[in-house]
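You will see chain A twice below: alongside chain B first, and alongside chain C after that.
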Partner chain A sequence: MAMQIKLEHVTANYKIGPLLKPRVLDDVSLTLNPGRITAVVGSTGAGKSSLLKVCNGLLIPSEGHVTIGSKEINSKTSKQSLKTIRKHIGMVFQFPESQLFAETVGEDIAFGPLNFGTDQRRAEQLARKALQQVGLDESILSKSPFSLSGGQKRRVAIAGVLASEPEVILLDEPTAGLDPAGRKELLTLLKRWHDEEGKTILFVTHDMESTARFAEDVIVMENGSVVYHDAVRPLFENTRQLKEWQLDLPEARRFQLGFEAQSGIHLPHVCLTEKELMDALIEVGCV
Partner chain B sequence: MNRLILGRYFPGDSVIHRRDPRAKILCGAAFIFISFLAKNMEGLILLWMFAFGIMFFTKISFRTYFRGLRPLFWLILFTVCLQILFTSGGTLYWRFGPIKLSSFGIVQALFIFTRFVTIIFVTTAVTLTTKPMDLTDGLHALLRPLRLFHLPVDEWSMMLSIALRFIPNLLDETQRVMDAQSARGAVFGEGSLFQQMKALVPIFLPLFAGSLARGEELANVMDVRGYRSELPRSSFRRLKWTFGDTCCLLIMCLLIVALAAFNLNG
Partner chain C sequence: MDEPMIDVEDLTFAYASNEKKQILSSVSFKAWRGEWLSVIGRNGAGKSTLAALLIGLLQPSFGRIRIKGIPLNEETKWLIRRHAGMVFQNPDNQFIGATVQDDVAFGLENLNMPYEEMQRRVAEALEAVGMTDYQAEDPSRLSGGQKQRTAIAGVLALHPDLLILDEAFVMLDPRSRRQLIAVLKKLKTERELTILSITHDMDEAAASDRVLVLEKGSVAKEGTPATVFSEKTTLDVPFSERLRRLLLKNGRSVPETYSTESDLIKWLCKSNLNT
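Now for the complex of A and B:
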């Protein structure tokens, strides 16, 4: 029973202190395909993080509404119903390790489930399971989260969100500040979680490599509007359009374009990973 | 959090805005002492007139000042009630055990109330019209003589300016951590007082941890860029004392003289 997220003519303003940023989301309408991994890309300040926040009720639309499953978020939604929505929609913020607070890793991961009303024993079970899902050993359950390494902290923080067993998980640049190996590992973990449980993932990223490798759908945002929402492959076909949106190409695709320009040989399809590139080169008989 | 007026700067270009921070700090401090000089009705009225005059000249709406009063409302009410109910003397209107209502108590309460509110108004006027950085510069300049007694005045002012500099960052971070914890189902500002206090732990601990880490980083950066506390420091912004600032001090002196005169006559 995957949950559907639907935005209809959503406009939102962002207010921090006395500063008001008007229309960070400008009349956005979209339907998120349930059970798929969707990447959100776009230049800084395009409204990517706001899009995530609006899906979780952290940013309330000033116009339009968001439908999540059978619930609706608009300017009149109460705190309590936001909480029920948040139970089903997990959100991982940028640098989530800065939210860790408890004395032990176990307590910190159980914080979410306990807030959402599960009892102590079940919360501990969930914490164990979540820790396993992010590939960490159970022995750190009793350690202080502040004693862990940066990468471990990040995973504990993500486990803290997975533990609530959300239907949808929203991630704001989950791999920022990680080394390439850590980045790949984290995304592989998330993909495994998605494959096993069939849940929806929406993640913001600047990295086209991870978009090409892990996402099935892409949302491109520009100045608070959604300018593209479709599968990954067609996005990387139109290079001129990409340049206009100031988006990069994945390495394999860049190689393919360079190769085609120099050799005059046209590869049969758009290649997003080295593997696809290799296969395509073998297919046309170049190797 | 956004409603806190105390210590916030309101940009503007009024007579008060343009004064040297040193003059403003001196006048503000002087006013606190002066308010204790007022011992009769004339003095009281003068204090109110002065406070409202200052507020008027800042060109900031009176509403802002009254909002600044709000966090201290209970404290003021408590002290005033204490004065009214437990001071004896003059005509006694009503009594119940140790609690009594007397003319002397009411007058006393009026004085306390005036002192409280005018002091808050005047000091708020100072902070509203002075950039935090100017305020630290001014304070630094005024405290400089204390260096003769080997007090680390420069370090104090450095600490103060760093603390002020990071307030916006801290507010930002508070918002981020609050968002993150709400996403994990935490609800703030609901339930009993104890529950509300408990709900703050997941905000404050990450903030503390983050601040410590940032402090450490900042210290390293300062070391790397050659900051040494024992060396004399020059300053990029120079404070300039003008004729208007001298006038400010003169007005303050006049106020003292007037209050003293009222006391002698009264």
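Now for the complex of A and C:
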């Protein structure tokens, strides 16, 4: 079974040098269902990235604690024990391609496993496997990461995290800057990895389409608190609540509501894709 | 009509290390004062290269660019940058100031502007992007979307005639994105601001005056959003067009060409009355 992540009354402050931003997370309690894909949404500055960071020990709770598998992180956790946690919880930052550094793609991807103590041969095997998981050809292993296109670089950076064979992968805006087709491709690859390996994915996004199409669960954050944590579809039912949280609707749902308001016809289901919308329109005999 | 704000002719670009591979080949287009032009296309179509060329960060291999009638070259690029502001995709690469307001003021300080005028412009720009409450904060501690809005304020404070946005809205949540689009539309009307926006957001493209489609370094299509989205392409299209095509594919009757969302809803309501 995949690793469980549990937050209990977690409060965290963000500190850079002498500056302190208090309570970026404010008494957050939640249990991440293992083996699920969960999207984290909310307006800018709501604490989405901070939530990801406490899940792998990059941000240490000032109060409360985080349990990852059998390990607990609280304000007294030592740095050494965090390393073993990070081996199991992979983190993909915003614009991860800016962190590529090695001379070849192969070295870059193998760096993670080597760093966690894997031997050279095994690390290379893992690198090849990870490259395949992100849908890239082995022929680029010997290329410089800097010769690749933006979308390819992004995938190499993600492969670098997958190569350490994490139990959970945390991604901060993984599709920012990709075109809609590239976005879909990347999420499909991640979903395939999730389906095959049965592991947990937690990703931050602004994109309600990605949320509607790829996530199973959603966490909505507001001012450092979790205000919703449940399945995707019920979230998009309550439009008044969504407005309050400043969240957008997926396009199909927006269209559906516009149609229902003007026609006076109520479609039988909450529609999240154009296919569902078409089926509903056919069902009520509108087209 | 007077001179175009942007006049690009035969623009061609290849990196010196690989001259055979043209990132852009023979691109020509114009953008007029007060016009919002969206440039769309897949990743790797040459969009960001075009933006870098327009601001003089890269030198064309062939062809020419005129901004407000001035040919863009090494000597004129500093003059032109006084009229043209650019905001990039990743806001982390664009910060200089210790606070949000310092950062926004930085460009103005370079212009030797009187202090009071500078204060006024900074306040106005922060207001426009909804960042007034954060003016005393350290930019590095802001969220991705707040950083992006600060970067946009820094450019707006300069009162440019031309604003070039290279995927500048990607880090914004949809609500701030819509607010910012509304602000830019207002500036476009009030100050005749010209906007060239490189974007993947089809709703944003649909809201602009004209759309330019880049494919493999060439202009594949150009026209109003309605004409561009009606044609059969591999392009990502707005939602209403995706639904229209899906209905068509499934043998249902639909409007003949691209309709905006509200037109398609009207159409569906009407066709429902008739049956």
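We adopt the following convention: the second predicted complex is superposed on the first by the 287 of 287 C-alpha atoms of A that agree within 3 Å, B and C clash if a C-alpha of one lies under 4 Å from a C-alpha of the other, contacts with A are read in each partner's own complex, and residues count from 1 in each chain.
In the analysis below, a contact is a pair of C-beta atoms (placed from the backbone, for glycine too) under 8 Å apart; a residue touches a chain by one contact, two chains touch by 3 or more.
Quick caveat, the model's predicted, so the values are computed rather than measured.
Applying the stated contact rule after C-alpha superposition, one finds that A:160 touches chain B and leaves chain C untouched. When the shared chain is aligned, chain B comes close enough to touch A:146, but chain C does not.
Residue contacts after overlaying the shared chain place A:98 against chain B and chain C alike.
In the superposed model, A:56 lies in contact with chain B only, and not with chain C. In the superposition on chain A, A:246 makes contact with chain C only, not with chain B. Considering which of chain B and chain C touches more of chain A, the answer is C. By the document's definition of touching, of the two partners only chain C reaches A:177; chain B does not.
Comparing the two interfaces of chain A, the one with chain B and the one with chain C have residues 16, 98 in common.
The touching residues of chain C, when paired with chain A in their complex, are 41-44, 89-90, 92, 138, 140-146, 167, 170-176, 200, 202, 236, 239-240, 242-243, 246-247, 250, 252-254, 261-262, 264-266, 268-269, 271-272, 275.
Within the complex, the chain A residues that touch chain C are 14, 16, 19, 21, 42-46, 48-49, 94-95, 98, 149-151, 173, 176-182, 206, 208, 246-248, 251-252, 254-255, 258-259, 262-263, 265, 274-275, 277-278, 281-282, 285-287. Residue ranges of chain B in contact with chain A, taken from their complex: 2, 168, 171-173, 175-177, 179-187, 190, 201-203, 205-206, 209-210.
Put simply, chain A touches chain B in their complex at residues 16-18, 53, 56, 58, 79, 83, 86-87, 90-91, 93, 96, 98-102, 111-112, 115-116, 146, 160-161, 164.
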